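The next part holds the structures, each set out as structure tokens.
One chain, chain A, appears in both complexes that follow, with chain B as partner in the first and chain C in the second.
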Partner chain A sequence: MACHERMEDDSGKYERIVHKNGSSYHYLKISLEFEEDTSIRLNSAQFKQLIISSLKQLFGEIGAALPFDVLQFEENTLSAVLRVYNRDLVKVWSALTLLGSYQSEMCAFRVQQVSPFLLALCGNSRT
Partner chain B sequence: MVRFKSRYLLCEISFASPNGWQHVEEKKLHRAILEAIQKAHGDFGVACCAVSFAVKYLNTYTGILLLRCRKAHYRLLWSTLAFIHQLGKKETCAITCIHVGGTIRTCQKFLIGYNRQQLLRKLPTCKSEAERTALQEAVRSCTLQELQEDVVSASEEDSN
Partner chain C sequence: MYMHLEQCPRHLLVCEKSNFTNEKSRHGIHVQSHYFNYQVNMLIPECAVLPSELNALVNSFEKYYLVKNVPVYELVEQQFIDRFVKKGSVYALSYNTQIDQDNTVALLPTGTLILSVDKDTYEELGLEGKSSQYSHKAVMRYVITVDLKSLVPGTAKNKRVMWALKEKLLVKCDFLIMWNSPGDEDFSLSTHFEKYQCKEHAPAVSTKVLRDLPYPVIQSCDLRGNPEKSCDASEFMEWLGAVTSEIECNNEASNFLSTFCCPEPSSVMEKAYLCTVTGFLLPENICKLLEQLCHYFDEPKFAQWTSLTVHGFADSPVSWGSAEHGFHKGGENFYNFVVFKNRDYWLQMAVGSHDGCPP
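Right after this comes the complex of A and B.
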């Protein structure tokens, strides 16, 4: 009842907008770790090809055709920022999880951060 | 009551060459479709569909094929059928899905109506009077058979 009265009074009028799916993309901050120290170096194209090959193994041709982008790639640390559509997030993330090796060297993808907003990946939003 | 629900895909195969039919068997088809699922949908697709996948019925004269799949993943199988373009190494073929049913009986009911339609479609293309009368007789006889089958199955259900 009190809520209703507040609404009728002009000075307290408010409007609340809620965005359920604020962004149509999800951003993943990932890095590729090799089990042993190797001299293997990848460029961004090879990195993307590695992810596509993992998608192809797990989800076939249709999975390998899922559109995603490598927004940023650092060769020294082998870390990258990926952008995927919301509906593809689960498939891409599971393909990253299940990748085991590259050129017969054991490796793993570490997913450090996932967010629907790119700004969240650049810093800690709590400080 | 909990039970495994399936979807039955009633499909039609057509071959590019008329002698493609000799090599078609249920086991070969089963393997070919699983390979196509592996290619199109990967390990995930095969794991989903292969559990309850079976080639239930194959008619090499009319090209009718009945596949069974789990209810949750029948769309995976359906989309893979579009990618199948050869069985083995030689025969180029195409598979189209004409009906999806929950039980074999519904698929059979649809197939009876579909076959009747196909026979009627072939009527104008008959070349001789004998062919035409034979075709008309076939259409009439398949109508009668449907009624008899229903009566028989109804009496079986009653006795059970």
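Right after this comes the complex of A and C.
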């Protein structure tokens, strides 16, 4: 109701807000590549566990406890969208970079796109 | 100890609200001055079939050309300037060049040619330019700007530019190019560039109908949101990102994979129409689409709002107007309109770290 009252005055009134570093999160579009053709299949839970174990390898228990979300996971392409807190971006990214194997198979994470805006991930002109 | 690890690059989000009928509204200027557009996403709630007027517009985006291996001096040739630059608006952007490592070239519709080049190329060319705003201590990138409309044939400056680009160092790129001319002209870009591999492309259109979608409640008068009543513009934008990328928004707080949820207060829409156009898109076409989206509410509709997102090219040397754009962790430069039933609109403009504040 309050808003309706304000609408009388505010409707169409110009307003501008600038958010500097307004987003608390960064979003990463990543994919997992194996060096050779492999029969290994990962489901979404195993995929997240793999990232957690790579964080543990690099930063210990504290790394393993970093909160992050796997917003989307595609089993066929092993690609995913992650959401991490800004303060954890460097740690998650470095853990992804340094991961070298899964179940003794050589593999690597490719970070395809990073952005503080989730909306930016659907319109990437760099492919 | 890890303090420096916790920093992340700066990013800016500008949220504006106004009304399309407002005389001073600058929505048209913002659209027109964002020259290089890669993708448009349109979301219409409670709609399963696109109205014919919108459908016609979506399918009438101008075709563009991809010309391979063109020396940059071709854009400075007097014949090109007389035939195209002075008789309309030329949009040209080098294709498959990454602005954080390659030489990137753009021709703006204002007739300004911009070369964003690395240090070696800059020194070899010997043209006057400025160091990139986003350089580190050692400058590794320079921006050269040439106003083609003011180049007079035969003058020392003209000769110097031609000599640098033709004889001193032959800079070649693939170009996405488009010409928006005021009327029927005698020449076309395809005939002008016929000695190069020149192919016409039409923007790709894809559509999807989404079902049973949770959505955040928003009110046009409240850009900042209200904890109990409506969500703010940035929460809405995050949700819109999830919808466009088809990310699940129905997670519980205890979920192992993801705790991402639709912002509160929320409601559920039965269906929504999502339409995506990808290519080299003319701002004029986007203006028309926006105008038509306003007319969507001329007839009574269930939807309270519609949205239109426009993504710029990550490797364009400019974002809005002639503001320098670069690529750091990402090259995001995009804007989103939320068009409300009462002709109010929200405009959200976002950029990453190598970009100035949106206009």
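Assorted remarks:
Methods note: the second predicted complex is superposed on the first by the 106 of 127 C-alpha atoms of A that agree within 3 Å, B and C clash if a C-alpha of one lies under 4 Å from a C-alpha of the other, contacts with A are read in each partner's own complex, and residues count from 1 in each chain.
We adopt the following convention: a contact is a pair of C-beta atoms (placed from the backbone, for glycine too) under 8 Å apart; a residue touches a chain by one contact, two chains touch by 3 or more.
Bear in mind that the values here come from a model prediction, so they are computed numbers and not experimental data.
Of the two partner chains placed by the overlay, only chain C lies in contact with A:V81; chain B stays clear of it.
For chain A, the partner touching the most residues, choosing from chain B and chain C, is C.
In the superposition on chain A, contact is made by A:N124 with chain C only, not with chain B. In the superposition on chain A, A:I40 makes contact with neither chain B nor chain C.
In the superposed model, A:A65 lies in contact with neither chain B nor chain C. Of the two partner chains placed around the shared chain by superposition, neither chain B nor chain C is touched by A:M106. Looking at the shared chain after the overlay, A:K56 reaches chain B, while chain C stays out of its contact range. Residue overlap on chain A between its contacts with chain B in one complex and with chain C in the other: absent.
The part of chain C that touches chain A in the complex is made up of residues 2, 5-8, 10-19, 21-22, 24-25, 38-39, 41, 98, 219-224, 226, 229-230, 233-234, 237-238, 240-242, 244-248, 256-260, 309, 311-315, 329-332, 334, 336, 342-344, 350, 352, 357. Note for the complex: chain A touches chain C at residues 2-3, 6-7, 10-23, 26-27, 44-45, 48, 69-73, 81, 83, 86-91, 113-126.
Residue ranges on chain A touching chain B, taken from their complex, read 55-63. On chain B, the positions that touch chain A within their shared complex are 37-45, 79, 83.
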